[in-house]
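The chains carry the letters A, B, C, D and E, assigned in the order they are written, with residues numbered from 1 in each.
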Amino acid sequence: MLVGRIVGTVVATQKEPRLEGLKFFVVKRVDIDGGLSEAFVVAVDAVGAGLGETVLCATGSAARQTPLTEGRPVDAVVMAIIDTWDANGRVVYDKAKEG
Amino acid sequence: MLVGRIVGTVVATQKEPRLEGLKFFVVKRVDIDGGLSEAFVVAVDAVGAGLGETVLCATGSAARQTPLTEGRPVDAVVMAIIDTWDANGRVVYDKAKEG
Amino acid sequence: MLVGRIVGTVVATQKEPRLEGLKFFVVKRVDIDGGLSEAFVVAVDAVGAGLGETVLCATGSAARQTPLTEGRPVDAVVMAIIDTWDANGRVVYDKAKEG
Amino acid sequence: MLVGRIVGTVVATQKEPRLEGLKFFVVKRVDIDGGLSEAFVVAVDAVGAGLGETVLCATGSAARQTPLTEGRPVDAVVMAIIDTWDANGRVVYDKAKEG
Amino acid sequence: MLVGRIVGTVVATQKEPRLEGLKFFVVKRVDIDGGLSEAFVVAVDAVGAGLGETVLCATGSAARQTPLTEGRPVDAVVMAIIDTWDANGRVVYDKAKEG
């Protein structure tokens, strides 16, 4: 899974019918120091996440292992909202301490 | 999923029979600022998209989760035409404002 | 799918029995201007392609969606021989005009 | 599979219900000389591994081939704790000799 | 598939039970000129290969399409030992001519 920050949304009315009702987020990858990289992925929201939140995304066939995405042409899903994460003995992100 | 721009087509008459009837687009990746990268993928059209349109592509096994591509040797599919997308509080692309 | 040029072959007599009878090509990736990159993949031939031809390859689980490769440990397949492809309003490759 | 070092954890209370009970590790990739790269992946623990250990991770659909991860939106799993590994005739890592 | 050289092994006693009995090789990627890159993958041996041999590896779900790896958390498999391979009209590697 990758750690990402939700920075935007994608709106598409003309689409494969199986995509109806899904919400598409623009998710920037977060690096090991908590910084945002320029790399991004468009992921379907499966947990009611919102703009600015730091999340876990599953990609590939794993993205279809939720009741919402099963059998749909989806290769990335937001499947958890991160409370905290740490690396090398340092708290990289703590949702409770964000403004 | 990736955000892409359709910039061309691929024509192939000698091919695996399961590919009959599919349309192949050359899709350049769009970066977070809306610019086009040099990276591209060839994707099957599942939504009646056209040259110059900004689209969403699903890759990997997700590309076969449409009625059109099921059971075919296809690893990338255009499955939505983007109306608008935004990032970092800025509209990166708005189809209605394009020439 | 990726656009590639067949530049060589791989011969292996000691192999997983399920690979018997398959032909392995060395396929260099073609970039958006038609140039050859140094990156390459070894792909199974599913269309009777030959050395020097420009082809479409499917990778990942898509590579097993042909009668020839089904159920075999194959992650890349040549599944179409390209006649022409274009990008940005320019013909990048036209098989009929090659020597 | 990739060789990784467990350097941290991810905590997420709001998540897809199928993820309940799983432990998420931050795993940095280890290079061929045993050094740590900046690249990391978040992987589910399937073997009772702990912080600081050098492990094997499987990614993609392989990550769901354990009793713990089956049918869950998981694309990376820690499935072995490495005792030793060597490359080019040199022992790169020996758990018994670590502090 | 990728062309690789077996340069080492990984030993892990504490592991997912489904991995019992598998042999893990450290496989460096071989580039188009036959040189070794620094990139490597850990792959399960399915053909009785040995240290120093040049091999073909299948990755992703293809790695589970052998009797040995079916249903196991394995994302890379050595499934052929290369005798010879060529590129651009030049023999890159010939096992018979190696010391």
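Heads up, the rule we're going with is that a residue touches a chain if its C-beta (ideal position, glycine included) is under 8 Å from a C-beta of that chain, and two chains touch if they have at least 3 such contacts.
Everything quoted here is computed from the prediction, not taken from an experiment.
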item: Touching both chain A and chain D (chains); value: none
item: Approximate Å spacing (C-alpha centroids) for the pair chain A, chain E; value: 33
item: Approximate Å spacing (C-alpha centroids) for the pair chain A, chain B; value: 21
item: Shared interface positions of chain D, touching two or more other chains; value: 60-61, 63-64
item: Cyclic chain order - from chain A, heading first toward chain D; value: A, D, E, C, B
item: Touch list for chain A against partner chain D, complex; value: 1-3, 31-32, 46-48, 56, 58-66, 77, 79-88, 92
item: Touching residues (chain side chain D, partner chain A) in the complex; value: 7-16, 18-19, 24, 26, 28, 38, 40-43, 60-61, 63-64, 71-76
